[in-house]
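Okay, got some structures for you below.
The following pair of complexes shares a single chain, subunit A, combined with subunit B in the former and subunit C in the latter.
Here is the complex of A and B:
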């Protein structure tokens, strides 16, 4: 009898211990934030850097005690840079019940995901999707830490007409939401200002390697400057094939062309002197937050991020965490309202962050970069 | 006229690469009635192997450039040929009696496997052939710019294609290939070792793809693990255009596709180029389902 009683006592004690552990586990249950990025596929390189950047922020927050006393956890979704995959990732994020999502990189990839997040009322902050169309659907839960394309297009129009003194401008895009959006955004102010004319406007197919035909046709229009609004892989091929065909007009790339791979593919002799319109690179940012972040990135990965985008992902993650911290809530509507109305000039890695009514980031900072002979991009002085 | 000629030169260059890859599709289809979707990835592997040999082993040796390129191409070709034989053994031979669908699915699996293997081995970034490897020489002939690499690509491809045609038409092994293409069982009754013929096909096809891969890397410098898919699709289209299973058909189809693309992009719009090319393909398939040269069934290889 007594034996059975002590056994019962033991069992109750064990149960109690188990329960308290479960209680403990619930208290420390992590806050899960999604990261949707192209981890594999043609933009895998960008995805890798975004993941590294967000990881740094998450580690810092966890080291400082987490959010609302709970650790943060990144839920990674690989959209492979493909719209179909993007929709699947979005569905997964919903079923994984994440608090909010960072991502993604490409605009055409972002669109289907943003639609799904909107339907399910999930805050999502894009880090590399700059196409105008993304904030024209009246979505309430969509934000972005990067700047919208039309601001870059305007910058190019002024830069080409005033600084480069161009009269005949050729524009080539790649028919993606992003490339076409930027090309349109550049063409509009050029036509409106009337200081120069657009003598050539056509698209290439991304993923191809031979653009000699379209470039040959462009060459016959004698442009003073060529603006390519697509990605670095094609940009490198285009400038090389342009020079082989004997077209000497200055080459200006959009911000998706800025990547060390551009120089590698074009070869330094040809890439030298190429210009790019873009947001400042992480290493050219002058805020204390950016300097500290870049130092940590270099410590972990041996080199600074080679494109501007990964730090926008880090900033998106930071903004979500700041909203959770400030509102003491993980409710989507609370976070959404906070981001729209209360977040003002949050000190991000890429400068002060505020969102306007449609979720676009306010302000805009662009620079013209030039490729120098040592194989690096530097702001054109 | 100058513009037209420039586009023809560019079109022939691109078309020659398509044709080399298309030969691999068409030979495998001719003998096995299998669309080898992994073939584009053999081509991609050729690009990467050539790159590795150039960058890692031959960069510092100090041999003359032509010898270096020859060795790199030879090693890449050999490597891809071995890979082809291996893939046939592992992924196609066990399925030879299981119907065509199983083999096609297996081919798609091999394609995914090779792409991801390349990504894991060489990384997701674009790789670039070293600038010293690809000769930059170019001439301006009456306004038409022609580069040494273009001439090399067109010349080497034509040589390989003629060589292959003669091999298949004039040699005993070629006769065995043609016989196997017509009927496996009858060929076996005639004393032909069908397995060795198929192995031979999986040496020649991937080897040609491998050479095309190295040429592509030298010409555009930029290589990526997804290149097999885009070029594979175009080469497959070229094979269909010329009449799949027919060796001269693959050559004609490849060159024609390259020229059509360049003329479309040069005169109409680069954005509409693919619409035009595939539109022509659809029309051709409606009015001539066997492709341009596809009607000589008895000679199909």
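Here is the complex of A and C:
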């Protein structure tokens, strides 16, 4: 029975490996702050940029003498962009006794982790989880430096009605958590304001190549503007097929459509003039903090972060450090109270940061980006 | 020949029980040495074992390729979350109810496709998985919370103790595994278990000896789906938040891989393979982006050098070695 022998060998190997991994206890000298990010998996690129960004901030703080005379250390947890892994990473952060956690990127990935942090009273600041539901559970220890989806939806509603003067709006989403959430968040204020009507609201299936059937149906409703809340590859195909079908209405994408691939798939002639609602890219931020940060990022990695999210991670890390510095404490409750009540207009990389009662960031900073003839996205000023 | 065969089957029994004893010893000792994090890893291992064992009934025992098993798991988790939220029903009762709900779903949804075989059935079950997931996203009747999912506040309670910490869940999950193992070993030796294997080996011959193959197949689907549904309740209380993103096609594929990797029809195989699927990626964490590459490589090598799985089902090899079945 060689099968059972090798299997038993495997079991004992696994046991050994588990035990050796568990010996992680280290001296409590540095102040340890967790970073939960998707280092592998479909969003690996985002996770990597977040890690780079947080590292820059940590290095700066350490160079300036650390926090309360102690160095800061990042404890990295890779959630792979999966809810189950996220729950595990959260548990690991608690086992490793970090002071607070930055992260993570996806909303439905963040939710289970936030529940665990809440129960264990650990301050956690999300940097890319924009779904509304995260701050509707009455969690006290959850914050986010990014803005909620409905703010982007509201931004689009106002932008479409006031700037584009649209009366008939078509909204297409892709049935993903994010895409549908944003579509809902855009539809609600449009209906409430009554300045325009939603003439078409439906979903495409991500991964398909041919959307002419649904776009044909949409074309017959005669929209003034088309808002697509899904990801860039479908966005590229949709704008292309819209123009082939002779639908001339302006195309507006959500922040998931902002990617150079969009232009490649659509072709520059078609993509030109397409609009996107999104958080300002790090390079388009005007604050002195952001200019310095981007310069440092370019110096280290050769290019600026290509998405808006990593700088929110850096900001989350900065806010945690500021709270520790100001309260001279690493106690979760002290930090939580400070963040809720005392932190006002902290000068972050992405602008002034304050949190409201449920942990959402106050204000909203969005821009409409336009695709220019040279094949780049620029803010429409 | 007869003596040879009984000797072989006794050996397989002793190998199985040796494995289970090693496993039990490991599981009892393990929590004393590790942090909550590793206990939690084992909780999810246990959940995957429960799911793998339930899928093993369908794929392993009856040979029905089901690559949409997560659908039933989702039905169970959502049934528990919805009923708990609306009516505050006790979690233990809900575990039963969601098992029943998933079993009914397993029966109703697979009734029209039960005559399909092999790859064809596999394709349809993939579709089933997607249909369930997209239905959940579309928030029918405002029940499922759409893409945001549902929050689960209630927990299991044992004599007033709330099952909440990693070690509580560890005991709960592995207790359930122990119960399930007991039931499954009994089932394997029962008339039903033998009928299932007969259907897997030769459906026509099974039919001609008086086994109602359609009944046997739907029973397997119902039991498998029911166990997955009940496991969904544990998952829902463990995660406290469930969303459609937890029940993707990729999750079904990895469950399927657990059963194939372990050796179809083999109970120790499922336990080993689901452990390997959990622990190996953790150990390969240092490779970061290349991790999935190594993982894929390991799977390919496995299929080339050990296609029968980590721990092949011994009943199968006994029959071949005995030779008198030919």
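Operating definition for what follows: the second predicted complex is superposed on the first by the 302 of 381 C-alpha atoms of A that agree within 3 Å, B and C clash if a C-alpha of one lies under 4 Å from a C-alpha of the other, contacts with A are read in each partner's own complex, and residues count from 1 in each chain.
Methods note: a residue touches a chain if its C-beta (ideal position, glycine included) is under 8 Å from a C-beta of that chain, and two chains touch if they have at least 3 such contacts.
These numbers were taken from a predicted model, which means no experiment stands behind them.
In the superposed model, A:264 makes contact with subunit B only, not with subunit C. In the superposition on chain A, A:176 contacts subunit C only, with no contact to subunit B.
By the touch criterion stated above, A:210 is placed in contact with subunit B alone, subunit C being left untouched. In the superposed model, A:115 lies in contact with subunit C only, and not with subunit B. Between subunit B and subunit C, C contacts the larger number of subunit A residues.
Contacts of A:68 after superposition on the shared chain: neither subunit B nor subunit C is touched. When the two structures are aligned on the shared chain, A:233 is found in touch with subunit B, with no touch to subunit C. Residue contacts after overlaying the shared chain place A:44 against subunit B and subunit C alike.
Of the two partner chains placed around the shared chain by superposition, subunit C is the only one that A:87 touches, whereas subunit B remains out of contact. In the superposed model, A:245 lies in contact with subunit B only, and not with subunit C.
In the superposition on chain A, the residues of subunit A contacted by subunit B and by subunit C overlap at 40, 44, 175. Here subunit A touches subunit C in the complex through residues 1, 3-4, 7-8, 10-11, 14-15, 17-19, 21-22, 24, 39-40, 44, 78, 82-84, 87-88, 91-92, 94-96, 106-109, 111-112, 114-116, 119, 131-133, 137, 175-178, 180-181, 184, going by the rule given at the top. On the subunit B side of its complex with subunit A, the touching residues are 3, 6-7, 10-11, 13-14, 116, 119, 124-126, 128, 131, 138, 140, 145, 147, 216, 220-222, 224, 226-227, 230, 261-267, 269-271, 273-274. Against subunit B, the residues of subunit A that register as touching in their complex are 40-42, 44-45, 48, 175, 202-205, 207-214, 216-217, 220, 233, 236-237, 240, 244-246, 261, 264-265, 267-269.
Residue ranges of subunit C in contact with subunit A, taken from their complex: 11-12, 15, 18-19, 22-23, 26, 30, 33-38, 40-41, 44, 134, 137-138, 145-149, 151, 164, 166, 238-241, 243-246, 268, 272, 275-276, 279, 282-283, 285, 288-289, 291-292, 310-312.
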